[in-house]
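Pasting a structure below so you can have a look.
Per-chain numbering from 1; labels A, B, C, D, E and F assigned in written order.
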């Protein structure tokens, strides 16, 4: 063949499809949101960039022996990356506020309703013939409502790898959008008076409580929902390293080098699922819509649960912190604090909201275990 | 009722059920634990990662930086 | 099936076996010893926690595609984790005291007798029909006497993977128990006068000597016991990075992020061998007993060798430092120092004991090479 | 067999071949150059040490299940190590000087002629029957002229794994020898007057330019030479992490722990290709000669291109900085600065030379993509 | 002409061609980019890895070390 | 004598033999090495990991911390 023709045929201009071009634009959009708007940049920079790489034509990057596909195969297919990240999150989590007020665990439970409502929604879309999801796919979509990145990636990797790209993008995007998504719902469902409720200063928590908590949490998981043990086990291990005080060097490395390295490769691996042929499908649109629904319902469920608890309990809690039950740590807790301050400038809810916030992580991990076991 | 729907309803039942049973139990055992081992905060308790040596480091850095700035003035 | 029945059957309460319960208790015990008694916490926290995870019923964690089994397959079956740890140990080792007084290498040699005496012991148990060990298993048990974690794990992974859990637990537990195991033996085999022996201040060692040592050590390994080259090669490489002074950034990372990350995954992987069906067997009891014997004999052999050397050499050495020849770095050296101070408050043996201490690491690595070659 | 005979036959003295002995000496030489003469120590210490380990007889280290062969299989066969290093190099690269004076990109382009001239040279050796290289081998040898370690290792791993040892050793050795190789050529091709040329102070570059550059660079790669996307994609990703300012913790870890860990394993893996039977072949000699030729021609091409540009452009550039176009970052830039100072003590060319220097990295990565696509 | 040689010449043609076309284009788009988004250096621009916290750290260290030395004098 | 036992005795023979031969040889070459290359400690020798920058860092930190404390008094 003519040398120049060969060269010309080897260019991206010649080979690029419209879909790939569109995905590259979407990747650039994610980078823009991450860099300029600070949308979960730690994940969306690698995911967005990986998405661009995955849509470059004429070279194997996200398929075959391509580097991003290798990252995906070694880290996400195996579940290693999300579980290691979860270990790191455990090492970064302070359960103090939760231990000071364990009742807030109920808020973390209620907010998980978003997961299951979304699952129903996905099934409804299928019944009405608009889209076609299997029960496993519906469950993987629902987990977006867990508002927890590694959990969503872990579940999607097990139940619906082909949807992982859309699910991860939805999860992280909506986590970044929490300051826009939650406040209207929180205001709608609460009265001015409720938003004004001041909560009593949290008690200090002893180091011994902090050391015992990850162990009893794991014990309870082992006895009741073993299917959640991989996620919560790694989480508790990270937290025990942090609190035990005898393995500081391991804890430090877990909180820094290890979680950072894993985050980079996890993000690039997720990006490998943003290939046009896999991402530009009607299902993706459905996933984005359902994911938004999941966040809204989760937020509402958390707030309503808080109001319910106020009916039965004497010690009133500010329903705004219920919204933090979806997790989206620590963004959702900050949002609760912010909305609270609007109603009452002397009302600092941040620490109170951290309880339901981390409770939400535990709640969605439990839900993830059930989904993997029964829908897997 | 189509199987998919019944599966979904079962999942919701199992799922929310487990989540609530689990977290309710967790509230119980946590309170019990705190009650049993006592809740008086020890000195080294402070919400700071007992692991990381950052606090001292940061104290040092900030102090040094402060001084450094003063030098330059 | 009835939904609730399904749910009930999925719980750990329903599925857990007595053996698994027992192993979880053992895991908690290891955590207790590591956190409260500071028993080798860097390893026993991950091993103990991994052991608990491995005995949670109804979920694959230490088998199949389970995360801990993946860590085991990628890191211990391949030998990568223990060898990388050994590289890190090399980067953390200062051969100064050994170079200042090379004769202490003999103490490190003698203490390895514990390894082979234990091997004989394991064979005796088999001959007497009490237990049934193959020569490979006997060798893997003997290496506990090396009092060196990565070496024990490396050898067990090659010769008797099914016994690795018990061997690793024994090795690290007894290393932590050195302050209890060694002193009685040391006192029994030495006179008050011998324990009082003061040793001459060690000479300073030049940087050039420190740079040449890992190279000549490797050269000698290559010429005499190549089978020890993987272990001692990585060890010497780590030490050369440390001393060469031209790859500081590599040396720093090896001494920190790299060895910490590997330690975490190594510990969890070892924990995956603490599954009830594999650990709760009579062999384990035999291994624990034999391991203890190995430590005692190694200690005695080191002390006696020191006394023997005093017979032939003019420059007297305090026989207490012979006990440090088992390795168990740096615990055994500290013990020698402590017992020495009891006999003579002005007698600081720590630096003198560091020589035999690191010599013991070299000695057991050489023994490991021979065992893998002839018993493998 | 007689025990002692067995033992004797197991020694390295008995088993070592002359070739292995020679390679161990070569390994020691590399260590000597790295430690004493500071020849690219970060790579040549691990490569040299790995080379020694790989030639120890009677034990599998660089073959089969040997640790170094495992590093090679997981990191170089897959392309992961060089690409991760390239990501780290991107995170360590400041494109400021290049952005301040983009025309210097032409110098980075010209210097790549060394690659292709060398390819022709390898083919000539084959035609004349002196040696026998395939087109793929010739291309892999040519890439030495890229004067960029990870690029050379990546290309050799794809096109000629059996020559990787010699190619990597040549690439890093000549990069270290740049201060000896380049100056004579630079002086030969330039007049005193040209060497005296002072260049105008570079303008400051805005952060926005630095953020956009890796993105447009990747975009151009995608549109024109997709085959270079794996290398330049990872490079741009590392640089974007660095400049975006929103993922500082990822950028820090990439610039330190991650690149250091990868460098260690990459170096050892390269060392596994220094086995006597693979390295002590006539081809190696040819590769060393051709590699030297590549550096010389690349240097000359860079300088001549600078002089050509001075003919057409009004704003004169000092031709010495053309030599930096071969890459060999940052050594070649320092050399340009040094030779410039000899001619004119007030002439600081370092920052001006950094432009062509990093341009050379881009240029050789593009060439690498073409070579892999058409010679692969 | 033997195939190996023609292959080699093609490679040189493709290769140097691509390298020059690519880098020429890069010069163009880079200049265009700088022209479009403006080149006024922002304050945080300084050639320092915006990523690393080293600068502050080092400042701190050096200041502290300086002081430390002064102590000893 | 059963094979297992003879194997074991051989292993002990090989093993302890190798360990002693090896470490005896190591004593020799080490002493030779020190004798040949000289033993005068150079300045940068100090038992400190020549690699790690900890010493300076720690010096800095401690100094800074000390000062920091003094501030608070």
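Rule of thumb we're sticking to: a contact is a pair of C-beta atoms (placed from the backbone, for glycine too) under 8 Å apart; a residue touches a chain by one contact, two chains touch by 3 or more.
All values reported here derive from a predicted model rather than from experimental measurement.
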Separation of chain B from chain D in touching-chain steps, minimised, is 2
Interface repeat test, C-F vs B-C, A-B or A-E, passes over-half contact pair overlap for A-B
If chain centres are mean C-alpha positions, then the most distant from chain D is chain B
Higher number of C-beta pairs in contact (B-C or D-E) found for D-E
Between the Cα centroids of chain B and chain F the separation in whole angstrom comes to 41
Residues in chain C with touches to at least two other chains are numbered 6, 221, 224-225, 241, 244-245, 247, 250, 252, 256-257, 374
Multi-partner residues in chain E (2 or more other chains touched) are 10, 14, 18, 60-64, 67
So, in the complex, the side of chain C touching chain B is made of residues 3, 6-7
Listed in rising order, chain C residues that touch chain D in their complex are 78-80, 83, 211, 215, 218-219, 221-227, 229-230, 233-234, 236-237, 240-241, 244-247, 249-250, 252-254, 256-258, 373-374
Counting only contacts in the complex, chain E reaches chain D at residues 2, 4-5, 7-12, 14-16, 18-27, 29-31, 33-34, 37-42, 44-45, 47, 49-53
Listed in rising order, chain A residues that touch chain B in their complex are 91-92, 94, 96, 99, 102-103, 105-106, 108-109, 112-113, 115-116, 119-120, 123, 126-127, 134-135, 138-139, 203-210, 212-213, 216-217, 220-221, 224-225, 241-245, 247-248, 250-252, 255, 359, 362-363, 366-367, 369-371, 374-375
Interface with chain A, chain E side, in the complex: residues 10, 13-14, 17-18
